[in-house]
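For reference, chains read A, B, C and D in written order, and residue numbers begin at 1 within each chain.
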Amino acid sequence: MTELAAAKAALKTQAVETPSWAYGNSGTRFKVFAQQGVPRTPFEKLDDAAKVHEFTGVAPTVALHIPWDKVDDYAALAKHAEQRGVKLGAINSNTFQDDDYKLGSICHPEASVRRKAVDHLLECVDIMDATGSADLKLWFADGTNYPGQDDIRGRQDRLAEGLAEVYERLGDGQRMLLEYKFFEPAFYTTDVPDWGTAYAHCLKLGPKAQVVVDTGHHAPGTNIEFIVATLLREGKLGGFDFNSRFYADDDLMVGAADPFQLFRIMYEVVRGGGFSPEVAFMLDQCHNIEAKIPAIIRSVMNVQEATAKALLVDGDALRAAQRAGDVLEANAVVMDAYNTDVRPLLREVREEMGLDPEPLAAYRRSGWGEKIVAERVGGQQAGWGA
Amino acid sequence: MTELAAAKAALKTQAVETPSWAYGNSGTRFKVFAQQGVPRTPFEKLDDAAKVHEFTGVAPTVALHIPWDKVDDYAALAKHAEQRGVKLGAINSNTFQDDDYKLGSICHPEASVRRKAVDHLLECVDIMDATGSADLKLWFADGTNYPGQDDIRGRQDRLAEGLAEVYERLGDGQRMLLEYKFFEPAFYTTDVPDWGTAYAHCLKLGPKAQVVVDTGHHAPGTNIEFIVATLLREGKLGGFDFNSRFYADDDLMVGAADPFQLFRIMYEVVRGGGFSPEVAFMLDQCHNIEAKIPAIIRSVMNVQEATAKALLVDGDALRAAQRAGDVLEANAVVMDAYNTDVRPLLREVREEMGLDPEPLAAYRRSGWGEKIVAERVGGQQAGWGA
Amino acid sequence: MTELAAAKAALKTQAVETPSWAYGNSGTRFKVFAQQGVPRTPFEKLDDAAKVHEFTGVAPTVALHIPWDKVDDYAALAKHAEQRGVKLGAINSNTFQDDDYKLGSICHPEASVRRKAVDHLLECVDIMDATGSADLKLWFADGTNYPGQDDIRGRQDRLAEGLAEVYERLGDGQRMLLEYKFFEPAFYTTDVPDWGTAYAHCLKLGPKAQVVVDTGHHAPGTNIEFIVATLLREGKLGGFDFNSRFYADDDLMVGAADPFQLFRIMYEVVRGGGFSPEVAFMLDQCHNIEAKIPAIIRSVMNVQEATAKALLVDGDALRAAQRAGDVLEANAVVMDAYNTDVRPLLREVREEMGLDPEPLAAYRRSGWGEKIVAERVGGQQAGWGA
Amino acid sequence: MTELAAAKAALKTQAVETPSWAYGNSGTRFKVFAQQGVPRTPFEKLDDAAKVHEFTGVAPTVALHIPWDKVDDYAALAKHAEQRGVKLGAINSNTFQDDDYKLGSICHPEASVRRKAVDHLLECVDIMDATGSADLKLWFADGTNYPGQDDIRGRQDRLAEGLAEVYERLGDGQRMLLEYKFFEPAFYTTDVPDWGTAYAHCLKLGPKAQVVVDTGHHAPGTNIEFIVATLLREGKLGGFDFNSRFYADDDLMVGAADPFQLFRIMYEVVRGGGFSPEVAFMLDQCHNIEAKIPAIIRSVMNVQEATAKALLVDGDALRAAQRAGDVLEANAVVMDAYNTDVRPLLREVREEMGLDPEPLAAYRRSGWGEKIVAERVGGQQAGWGA
């Protein structure tokens, strides 16, 4: 098989999970701008996600967020998904929107609040059992705003204790994916602020605990591909939350702010054997001002383009230049792949998959956007609050 | 008059304006945690602000935010304030929470939206006429999230045009204070992102246009005291929005994150003649998790402490060391003032002003906190949305 | 003329000035790694620069740095350049490597040191007269390391006074280009730290004073294309010092760290009419570990590629999408140009200019690299110190 | 024993190691400004370090840097130190100033260079045997400047292999302290860029491998005290390299840029049991423009002041406020200690130790500064190169 053929084969197996909440309204602390046609229920979110998969062919699963996507009958939800051609993916917990969580959840100074938070996480595992989801994705808003507010180390102890209880509850084939974040909504300390902290906890928990890299959750200037390479080397990379940022956790469309960085990340994924089912590729974005479904289709395509370029890096030439200490040539090999316009290749891949080569145009022609605006009238639009 | 006496005299004349919105609920995009006893009306906000002034003696004015503080009768509002011992301060505009402003306000691509935004600003000047406020404070959330979304330069043209119309409307003794901000809620470009942009616009508008420095609105590592010194040298420093930050626009209590920076800023204010009525000292903070009135009292005290230290810098010794090129000695003079515990001095100042030397303790003893929790039941609590 | 033809015509007129010092040794505070074949004299630097122009066709001028490129006979130097097919470009001053400049140069507390610095700048104008250079490029290492070390505002006064004297000395057709830098080598204050400060000084000096944007001289996250658009709108963009950075003033090859940013900058240049002789496009890089001449050729090519992509943006489509408020479509128009592989286009451009389509390969075949290693034996290699 | 008495007792046992290289010349890539009286030999560096200890009483050991402090007879060096009242401390390796290290040392693509680097580290352990030093401090300049230049993961493998060989060589009572650094001199990847990477390697190596926190080696905004608390909790904090920074690795005097941060760090040290012999407190600074010995005395005093404030935090009150979820009160307890002027307390401590209460004044009166300027004439001043 030629390199190009191998790249195409790999691209056809790619899977990018889309998050249910990205189909709902989102915004900043200043304003949430509602959009027409936004889903009112988890079922409608799945309908939208199915459209993304229908036109891209590489978005077969949908992440749920509890309680935003809480339903009485998860089997019915799973069946609804399957009927539309997608499956339920990771279960995302939420321990930041209850009034009790003002000073934290799993790290809260009061045992009763910690109990409530852990119970929620255990409930999420119950839901995984019901949905067949393999991954419990944990992000904690826990932290403090002021020096002295709480005991930094004590909070780590509480975190470790809570995670251990949840870890014990995991069944076969279930994993815990622990996400770190530099800051926000806490503004002084964050209890899992960097990959090192997430890694240290996962290491103690055991093999079912893995680290999630959200590409918007780092200090300015952080070399994310280094972290990816390191976590893969340690066998602790569980997945990605993709998005892009110019400043903080901006949650823009992945690839929109620094497409070269996304390419470098995907190159380390490929190089480190991370292009595999063990590493989950998920989007986690906020489409505050742009149309949501087209933005998600564009994001999936951006991941594809970065992946295609990463797959095209001439490994033999690169290793030869690296061994020779030829800085410019090694860099040139990488840049040659990056500078390639891979859109024709991806059009071919789509056609071979029986898809329209232009997902966005095909989606627009489908009339889905107009249909949901017309039909989804009344009710409560989904958003971060519901 | 001794130096100490001069410092005390200056501290007695200090005035820190508190913002009406800081008394209401606030939060992050993840959650707004409501607090008990929060005001339901602009009148109740003034009641709280009056308490801050009652116990600190240096918070005599209250900034309003339109439309959050819109009332039918501004004369009645002003009278209410006066009866409680405070006055109405700057009028703050809001062009970011209407659905029309999704892609901007005064810089929006559509003329009709720009018209609406400018009309709102003109209405704010009308309100200034009614309240006797001298300052129109302008912060624009305008910007873009994605490269190409709008024309960077075209937006500057629209901004200049809109500001010019508002500037023309200003009466005698009225000023326009233009605030800049690095990012948020826009995540790619912000239309007034730095002091240079604000300065360039103010310069063209004329002497009634001045720049506002919000201490949380800069890129990481920015030397804010340099900007303060430069704007004072240019005669273009209109005032401050004080708060503190570890990461982005965290809006923590001023002096909480880097008290040494606040001291350096206040030193440049003193050194540059900015400790005068021409420079407005305002708070602009969000008390997301801490009790609001005590936090504002603490913030006012933090400004006082930084000011006291700045006033204690031995100018003669400093200039001598600077002239001699004695780096360590010059630094030591500044650090000597900073390392001084000025709390005893401020207790004296307060006693001489007829105040309790411990504002927070006195406030707590007053029972106001319990009273508002008991009495402010029902109704719609004030927040960023109302 | 078609758009493509227009783009090609524009690309043929592009001129990127290379800096004489980039051909010499450079490094970090930890180590300068000497390279074989490095020039020993300004004449040899010109020989190398001529090779860059010979193979790229768009690097016709060479910036000099005084005193590093001080010679007895500038007419001879200029003639040497012309004989090799290039011309002398901007004169760069150096007020940071004399022992007297430990606490600053033009902003130094002592008048005698300021006199020495200004005299050096005046000498640079004399050299411009001799070489026919049009631009005096000023970068000042001035600043302080410790709070209190010197008077921030006093240093601005001294800066303004020194610049005014030099400005008066400028002849017809001569300009002063003032560069700003966030930090380094000063670590607390820098006397020209941002574009606002440079702009304010240039505005007062007059039309011959313009701002230079060094792409590595900003705070983390700064939107450089916004500054470019703003300075062009104000008529105050004098030129660029191109390089790239991941962290601070890394001085890597332009386009190596964030090629998308370089494209966005070049788009604002094109959009704002800056692709003209009034805006100087210069490189300012350090090739610490990579071969110097090939790195400079690659850098010139990177600027060409970014420019080509910027020229290919479909302006009509972009404006239509912006006017319609179609965020995704406007972004897509820009990304479409960026994602285009412009290397075939540039190969055509070069062939039409009578050049080898592959400058680096052609340079390597030329044997120049081997020749200078063989011939430049003995003597003192050029570097930042000489 | 009262709290104050306990604080005083603790302060008397404090030990801050000063680095031999801080007594020599240093600078930036732009210029090294030589100072008069700078030592020419390791023996003279020890003479200066002894003066710092003589006047502060808390700087009993001196870190060496190999090869800068290479001597024929380490026993003689140790004896010289003891005669002056100090001891030799940590041995610092140097794998960045040999021409072979252009592309790295222990991570270099070529085995021969890696061998050379590891041999140097082994030689450092030999020197530890000779000097009786307990700590081998490792900082690697290794990294890359350009994407693709070398294989990120391969370099980690080489790093692990090299460290393992050195670890095996350590004797009883000897430790390896591994330092991380965000960037510089490498500008794309750094092979040990963050605490997580250092921690992961130390964990695999074993109990004799510990992490060193250099306070200037983090991304902007990083919460260093969180890292300190975490490493202490993990039993992996080996020590500190103290200095301060406004921007990058500025290497200013510790406590000069953000004294509140230094206090918060020292608070976590105290709280986490790190105020013990297992945690080494070292300075690592560059006195580029200020007098060296006085700057080091000032730095030691700054550490003392931050420590004193940390020791004064009312732990009972803090824990009570934290347990009660009283954000403002908990913060107030911490700020109360920080705002205390501890200089009188430290004067008492010094007097009780038989020292002059004002170390800097006493040093100045001693005439040592004038003596070394007069006597250290001729020879090669020590600096980073020698």
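Everything that follows uses one rule, which is that a residue touches a chain if its C-beta (ideal position, glycine included) is under 8 Å from a C-beta of that chain, and two chains touch if they have at least 3 such contacts.
What you are looking at is a predicted structure, and each value in this text was computed from that prediction instead of being measured.
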item: Any chain that touches chain D and chain B; value: A, C
item: Selected pair, greater C-beta contact count between A-B and A-C; value: A-B
item: Gap in Å, rounded to a whole number, between the CA centres of chain C and chain A; value: 40
item: Where chain A and chain B are represented by their mean Cα positions, the distance between them in whole Å; value: 38
item: Contacts with two or more other chains, residues of chain C listed in rising order; value: 103, 145-147, 182-183, 188, 220-221, 223, 246-247, 256, 260, 289-290, 327-328, 331-332
item: Residue ranges of chain B touching chain C (in the complex, touch as defined); value: 103, 109-110, 145-154, 156-157, 182-183, 188-190, 193-197, 199-200, 203, 218-223, 225-227, 229-230, 232-234, 260, 264, 268, 271-272, 318-319, 321-323, 325, 327-328, 330-335
item: Interface residues, chain A side, partner chain C - complex; value: 220-221, 223, 246-247, 256, 258-261, 289-291, 294-295, 298, 305, 327-328, 331-332, 338-341, 343
item: Residue ranges of chain A in contact with chain B within the complex; value: 26-31, 33-34, 96-97, 99, 101-103, 141, 145-147, 182-185, 187-188, 220, 245-248, 250, 252-253, 256-257, 288-290, 384
